[in-house]
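Below is the structure I would like to discuss, written out as structure tokens.
We call the chains A, B, C, D, E and F, going by the order they appear; numbering starts again at 1 in every chain.
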Amino acid sequence: MKILVINPNTSDSMTDGIARAARAVAAPGTNIVAVHPSFGPESIEGHYEEAWASAGVAEQANLAKSWVPSATVIACFGDPGLEAAREVLSGPVIGIAEAAFQAASILASGFSVVTTMKRTCIIAERLVQRYGYEHQCRGVHGTDIPVLSLEDCSKETLEQIEEASRIALVKDRSGAIVLGCAGMAPLCKVLSERLAVPVIDGVSVAVKWGEALASLNMNTSKLGDYAVPQSKRYSGFAEKIAI
Amino acid sequence: MKILVINPNTSDSMTDGIARAARAVAAPGTNIVAVHPSFGPESIEGHYEEAWASAGVAEQANLAKSWVPSATVIACFGDPGLEAAREVLSGPVIGIAEAAFQAASILASGFSVVTTMKRTCIIAERLVQRYGYEHQCRGVHGTDIPVLSLEDCSKETLEQIEEASRIALVKDRSGAIVLGCAGMAPLCKVLSERLAVPVIDGVSVAVKWGEALASLNMNTSKLGDYAVPQSKRYSGFAEKIAI
Amino acid sequence: MKILVINPNTSDSMTDGIARAARAVAAPGTNIVAVHPSFGPESIEGHYEEAWASAGVAEQANLAKSWVPSATVIACFGDPGLEAAREVLSGPVIGIAEAAFQAASILASGFSVVTTMKRTCIIAERLVQRYGYEHQCRGVHGTDIPVLSLEDCSKETLEQIEEASRIALVKDRSGAIVLGCAGMAPLCKVLSERLAVPVIDGVSVAVKWGEALASLNMNTSKLGDYAVPQSKRYSGFAEKIAI
Amino acid sequence: MKILVINPNTSDSMTDGIARAARAVAAPGTNIVAVHPSFGPESIEGHYEEAWASAGVAEQANLAKSWVPSATVIACFGDPGLEAAREVLSGPVIGIAEAAFQAASILASGFSVVTTMKRTCIIAERLVQRYGYEHQCRGVHGTDIPVLSLEDCSKETLEQIEEASRIALVKDRSGAIVLGCAGMAPLCKVLSERLAVPVIDGVSVAVKWGEALASLNMNTSKLGDYAVPQSKRYSGFAEKIAI
Amino acid sequence: MKILVINPNTSDSMTDGIARAARAVAAPGTNIVAVHPSFGPESIEGHYEEAWASAGVAEQANLAKSWVPSATVIACFGDPGLEAAREVLSGPVIGIAEAAFQAASILASGFSVVTTMKRTCIIAERLVQRYGYEHQCRGVHGTDIPVLSLEDCSKETLEQIEEASRIALVKDRSGAIVLGCAGMAPLCKVLSERLAVPVIDGVSVAVKWGEALASLNMNTSKLGDYAVPQSKRYSGFAEKIAI
Amino acid sequence: MKILVINPNTSDSMTDGIARAARAVAAPGTNIVAVHPSFGPESIEGHYEEAWASAGVAEQANLAKSWVPSATVIACFGDPGLEAAREVLSGPVIGIAEAAFQAASILASGFSVVTTMKRTCIIAERLVQRYGYEHQCRGVHGTDIPVLSLEDCSKETLEQIEEASRIALVKDRSGAIVLGCAGMAPLCKVLSERLAVPVIDGVSVAVKWGEALASLNMNTSKLGDYAVPQSKRYSGFAEKIAI
């Protein structure tokens, strides 16, 4: 089983970190292939960057068609390009926000999201609406921690996330914390121990969900809007990855 | 890994069938323990029967506390007693409707539910609302096939479900079918081949979800409403399974 | 006119208290028949207990079929077993949460619920969603007062509820208080005087609603999901109350 | 007990008919006082007419302040001026659409509205949204029968309403019919017999709800937006009914 | 191009102020015709007053039919009588709340409403729901400033509104302020400068929207519920403005 | 006044057509600058193509920063890259779907969308949800007409759109048609005449909305998530348009 993990930003080190997190939870026979787009910003902290990331995910999903991944994970909490990838790939494609919300809804009747920059809260809130978790997600909390500062996470940053989580649990009357950034994956274990509630890292859940669906031979529906895109003329930079 | 599968009705043969479906998809090291309540109706096709099934699931979950299941699956599409089980158990507890909706939302942007008696449609519709899938679930379709007639499913019954599915896909503009009854699990493969879209059996997905969460050591939150119930006086029949 | 009042828990004294509250508001010709299940927990403060209470209400509703109540009231704020009772009975069946929300919506454009244990808030919130009062209900407030401590309500407990109500009115910008527990019925009058806003006890409203619908000869629809359950095999303890 | 019934249109004969319907269901000691505005259209079949009716209800509610009605019923299915009346009166004020939706939700898990002119459907649909019955109300059906033609209802008109109801029950998978016009009150009994499902006339329910709330001494909250309007300058025609 | 601006209250000076605000933003060729009803309250701060204002707007819209306004603006934040005016007029009719919400949704992903009396908040909240801005409008804030005190706005009143806006921006995590009263139009510029975020006055936006739609020859649909009202008997004061 | 119109696909001829439609409605002093991305697909008919278009809009918005457009229009019905453009630009940025929904909501109480490929319906439906028009938009109808075939629209294609519109008006009980593709702009006038209801072309409305907001000096809020993106490293093709 080969699972494609697309990191939508272009940071090599963050891609490596996500790959490590994915491999740490993958089953023995699962091969993790971690990639990032050939272009775009080094972190995704707003709508402009997300627009580039969507195209970047589309690029990488299209390039992976040749080797037919068993399942694909989009490893950025805004789930950029998720549906573009579903069109070009045949296996299941899972966003880490989507997977995290699903797991959190099983483990607690209410959860809170703790994320990085406050300006990205709206992106998480839109996903909550779009996926239908408005009753289960009881709050989205920004910390104004930059995504890239998570790579070499200081004691202070960890404590800031812990503190934000504690406040969220009380204020939102929640029972679980969803980590709102793929870069937080390495913090999941320690936060879980300190907070004594489920702390959900979307990368881990998405990898396991991908293994689960692939083992059931369940693939993306090609009836309807996830059908393979029509072949048409692409121009400029996109020409080489036209359908 | 030991996964408890609770069939909320009291049919021995249906419990066996569900156990077979669960074992067919379980990973090599996973042990499936299938049980049913010691009391209640032989099938669940309405609110009255579901009330009994909720208590029956509570009973079985409470009895299983002693051996601490790695994960628990509630194998009736109304997810009866799901939250009662979450209170008494520490591992993740997964309803088959919940799991099916989650998987379907990954595989298609819209899905339809095809179920048994028309009078149970409202139960599925309420779950759709409660879990937040009102945009993804584009229709719930009753066939008036009795649950127990699925056990020895005739060619005609299968064709009736296939036909209802075809109509649903077109009318609802859906891309996937969710089977609205645990008793339909054995039909999943053949329907999937005939319809050429993902056909989702909640039992299979819930078992894999359970393995996934258990392997991640993710447990039910004990902060909030899934905390262990308080010890108190139970009377009559329920006395022997008091908390 | 004979109105059945089912107390879903098994406390004799609480059943008596609810019967007194019901009789205090019943019209001269109305006969109140108050019962509780033959099994189950002595108070309902969580999902596990509610599962038992649902079956307990089903049992009592089924037993009452023989004398055809003019109307039936389910006297626990989670409205457990409400729809089960609607299936087996022909007269109107009214939940006290449902009735309280309806009355509150007539008397104020926004109301707050003040209830007992915090862990039960989610049960009230789910009913708010399910019945459609998300715009009118502006907050659900737990006090962590145990249900059974209301039976012999101390001055301190009363003041705690009064204080929680005052805070709710201001914080939620509400105009009325809904008491979130049948056990609070005796406090309705004094709280109403102290707070100078409508304080709604669901037991009282449900009894009057029941009289109203019964006098109009309006009965539960038997077209659709409230039709009489099908006859089928019940096993174990439930055998004796099979349909 | 004196219940004010305000017919928001200016038809004397329709006011008489509504008064008869109200008296037919009122308890022995209840006095029905039926009035209509001193100005405005003879029937309400659109937004323009409803704007006049709102002011007309405000006028009549304000005039009735002097004798303090025990409860007040607004007898037009759009519930025009409902909240204006709540501001000036101290007793409960009940709209017939609101009351009908509440009763229907108790008697069936889904209901359909059958009303007069198709152009008024939007008014009923807005009330469904505003009151929170979007899940229970499964359809609103116009018949293009003019309101005033109901006063002397022909056999054909009755059959047209019956037919529209039968279609609605099947198409909407509903269990009850709500009559979408006060002028349909006299048809309630015969339709109920023919259709064999609950047929709900809002006038009847609202009168009984009014008796119920009045007997419980439950009044409109004066905390918040239903507080008595501030005294201020009114000009023109409205001067004589200024607050 | 002639744009009708209906001030729904009967204050001459406020009508003049609104006319000035409208003319200040109108294009060179646009003629502003500002009117108020011949009857009703001098300000709209509750449901009772709004009922009169609805009829007042209906009156003025009907009187304006003769000269066929290019577009019509309803200049009170509750948008009273909006749909009545749409029925009798052929050009576009725009409510200032509706226009303000639309503009705010373009300029910021979340906005807050700052309005006058707290008791009117519910009116704004209902419009937010009715128009569909529940995700964009992140809060409605009353200041208990009377509408008429805005006409000769003191330094203190302005500062109070500024302060309420600052609090709203932070508490609601909003990016723009919508002024919840036509009487606040003259404060828009100074507040915008002080707050350094978009401050939206519905009168200005509605006038420009009206010019825009009129220049595109886009008129109110006469198919459906905005069709011209049927001719019928009107009595009393309303007789002279019957359809 | 200079208005930037970004056609998110890369078709020169379609860009020209959109520019003509924009100029046809622009005020005398308005300068229309129409551009398309330097890369990407020639038409947008699915998620994959839309991902590229989002980045393409981001590119063009960023390039336009230098000349500070008075307002910007995103001329593809999926509003791709809308919020990315709002981050990098200071003037108002308007999506044609958003503008069309706003105008339609003023002109009719319900509207229907008629669009091109059926697989794009989900994109329009998501925008309806995201912008809050679920009550006003009563249906989204695909015709399976390819976008590019609109450029040289045959009599048959026009008739197909007309027919789909007629069916939508009846089936959805709508009063207006929203054209679900920028390529349909040239058909607006003839369809409007034939259908005798408002037919709304988002390009026209968005241009007028842009002129309106620009003339009011209303700009995108830079408080919150539309703040200018942070400067950071971009790699590959995107490097040259880094922030």
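One rule holds in what follows: a contact is a pair of C-beta atoms (placed from the backbone, for glycine too) under 8 Å apart; a residue touches a chain by one contact, two chains touch by 3 or more.
Fair warning: this is a prediction, and the values are worked out from it, not measured in the lab.
Considering the contact criterion stated above, the chains in touch with chain A and with chain E alike are C, F. One inter-chain figure worth recording: chain E and chain F are separated by 27 Å, centre to centre, where each centre is the mean of the chain's CA atoms.
If each chain is reduced to the centroid of its CA atoms, chain C and chain E end up 43 Å from each other. Within chain B, residues 83, 109-110, 121-122, 129-130, 135, 173, 224-226 each touch two or more of the remaining chains. Contact between chains, as defined at the top, is found for A-B, A-C, A-E, A-F, B-C, B-D, B-F, C-D, C-E, D-E, D-F, E-F. Within the complex, the chain C residues that touch chain D are 25, 27, 83, 92-94, 98, 102-103, 105-110, 130-136, 169, 173-176, 196-198, 200, 204-205, 208-209, 211-213, 215-216, 218-226. Interface residues of chain A facing chain F in the complex, by the touch rule stated above, are 10, 37-43, 45-52, 54-55, 57-58, 62, 80-81, 83-84, 86-88, 119-123, 126, 129-130, 224-227, 229-230, 232-239, 242-243.
Within the complex, the chain B residues that touch chain F are 109-110, 135, 173.
Touching chain C in their complex are the following residues of chain E: 118, 121-122, 125, 129.
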